[in-house]
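In the two assemblies presented below, chain A is common to both, partnered first by chain B and then by chain C.
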Partner chain A sequence: MFKSDRVAQILNLVTAGLLLVATAMVFFYAPTEVTMGAVQRVFYFHVAAAWVGLAAFMVTFVAGLVYLRTGKHLWDQIGHASVEIGLVFTVMGAASGSIWARPAWNTWWTWDPRLTTYTIMALIYVAYLMLRQGLDDPDRRARFAAIYGIVGFISVPITFFSIRIWRTIHPVVVGGSGDAAQGTFHMTSPMLQTMLFSVFTFSVVYVCLLVNRVRLEDLAERVEQLKVRMLSA
Partner chain B sequence: MRPSSAGEGQALPGQPARPAASGALAAAGAYWRAVSAVLWKDLAAEFRSRELLSAMLVFSLLVVLIFNFALQLDRVARENVAAGVLWVTAVFSGTLGLNRSLSQEKDRGSLDGLLLAPVDRSALYFGKMLGNWLFMLVVQAIILPVFSVLYNLPMLLPLNLVVVLLGTLGYAGVGTLLASMAVHSRSRDVMLPILLLPVAVPVLVAAVQASGGLLEQRAWDEISQWFSLLIGYDVIFIAVAFMAFDYVLEE
Partner chain C sequence: MDTPDTFNYLLLGYAVLFGLPFLYLLSWWFRRRNLQRDLELLQTLNDEQKK
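And then the complex of A and B:
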């Protein structure tokens, strides 16, 4: 077997262990928030998922730059895998946010600038996947995807910047909220530790998924090559 | 399918001469000649067929009229949503134009001809981009007065014209790059809006806010940041498209 198999296996186990610990911390270590109660516990995974979603798209941006510079196939695989994983985490972030928003804001969804831009960001990466699907030539697909990953990621900060001019309802727990924010709270140190640990855990989950996804892609390509060799023999 | 010798390509009308003398000025002149040749080709083709502009114009008018029914506009509502309607119209008709401008090249095989031309690839981008921008501006030049009359609003304020210039420039800038990619995909006509609209959100936000602020006669302090955002978006995205365009055409 390959060495990377062993690495992936160890990573899988470590990730599973970390997730268990993080879940335990969220439910037993972190104190219950005074005004919002138990629903506030969704905050730890919400922040972690949203952070990983953004980080994954940044990885795609960097992978796109490196791919265009070097033309190495691996970077295309990483960019593609990162978008797929990033979208999953983005949806998790939105879903967990909705669950919290229902009791805290009394609505599942509001047309708040922060929520809206977050969704637009997700749509950029849905478009990324559709673009890949619509292109047959693998070389061209890799190039176009890299370019779109770069253009898309540059658009996201501008969008975030443009909405900063407006007031947002979304609380900014780390760093202090604006006047219009609703549902913000003061973090005690067990809360902060739990949040940081969740963010770390989710980052490891991301890396684990990325490694496995790239490995899967590699294996699929090997199978494809073997098929071609069998048929031509 | 890289051409073996550049000179074999079909000679395009008005194809620029190669830079005879070295030196920055001569190179810049040659570059500009290449850009204007591409631009001129698009304008001449459009002038003969008038396919694109008429389609964009009729479509824009339809959108303006349909919005009136769809939003049940009374006088107050009209004033509130006018900037939004104006920009949605510009963006949708712009998408039509962008799509046509590159799918025409591909269908008729003239894209290969363009690629064979011994000029810098980015000159093709700027030629195409300027053409698309100009078409959007021509449509706006006709739509804005009509819009002013129908909605009874001063759409032709000089500053609003600046917003239109900047907003359409940014849209055409990133749109030309994305259209040149979408044209290669299987579902290409559907692809472009999906690729372009989410990326172009900042320009849309800034343009709607700037136009809306001007129509409501808000103070310059409130509007100026949207102008900065528009300029920033234009500069960043045209620079990115300029750098990335080479990779799109690489065959």
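And then the complex of A and C:
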């Protein structure tokens, strides 16, 4: 799957098509929400981006476990690629949420439990990338990264459940929001369909990026191996 | 109740949502280009070394 050019090309085309449909649904199919106006449309891709961020870190967790068990290098590549992609989606989620929050909460940012745990989680995975940069030996780097990816994953369920455990102004999409939540709205059927389709589309975008990122990692390793071989010759 | 005009926030939101992945993909493009250049150079040097 990761090595095949054909699979990557098909996946790229399917992803582009889904993204076009999802964008059209957000702007032309979902109705305008009455209390927040046009900015509510940010919600669809905000939820999808945040979901993919969390899912990507879960993939790193699983990849870490499988790597430690099998020692197969591909799982280290998947774990690394997944953190990088997950961070991009996490930043997208945070930035779009902040833009939505300005008219909905009257502030760009607040140290609410969800936003705080989300930030800590993002920093934990930034540190993952820094840790990898600091280790030269590939086997040691893969082992450390796998363990870090497993331990660091504890931040993901804490972030996910933070809005259900603590009193927060962040709305809950699945299940009811608490009393303190601000910016909640009644989700009509087209809104729900658009949200679910956006989440599905972003999940496919993630798989597509993962395949392409692992291929890029492969190229980087070929260059590195050639350098080592030439230096030792 | 009147619906507020939040269109500018919508534009800003989608500029970020499409802009960030665009920058990320651009970084891939640069990385791939540099790696391919390195690979070609290393292969040339490797061939010369063998001769």
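One rule holds in what follows: the second predicted complex is superposed on the first by the 209 of 233 C-alpha atoms of A that agree within 3 Å, B and C clash if a C-alpha of one lies under 4 Å from a C-alpha of the other, contacts with A are read in each partner's own complex, and residues count from 1 in each chain.
The definition used in the following text is that a residue touches a chain if its C-beta (ideal position, glycine included) is under 8 Å from a C-beta of that chain, and two chains touch if they have at least 3 such contacts.
What you are looking at is a predicted structure, and each value in this text was computed from that prediction instead of being measured.
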item	value
Contacts of A:L219 with chain B and chain C, given as first, second, both or neither	second
First (chain B), second (chain C), both or neither touched by A:R41	second
A:A95 touches, of chain B and chain C: first, second, both or neither?	second
Touched partner set for A:L20, first chain B, second chain C, both or neither	neither
Touched partner set for A:I10, first chain B, second chain C, both or neither	neither
Chain B-facing residues of chain A, complex	68, 117, 120-121, 123-124, 127, 130-131, 134-136, 140, 143-144, 146-148, 150-152, 154-155, 158-159, 161-163, 165
Contacting residues of chain B [partner chain A, same complex]	174, 177-178, 181-182, 184-188, 191, 194-195, 198-202, 205-206, 225-226, 229, 232-233, 236-237, 240-241, 244, 247-248, 250
Footprint of chain C on chain A - complex, ascending	32, 34-42, 45-46, 49, 88, 91-92, 95-96, 99-100, 102-103, 212-213, 216, 219-220, 222-223, 226-227, 229-230, 233
Sites on chain C touched by chain A in the complex	1, 3-7, 9-10, 12-14, 16-17, 20-21, 24, 28, 31-32, 35-36, 38-39, 42-43, 45-46, 49
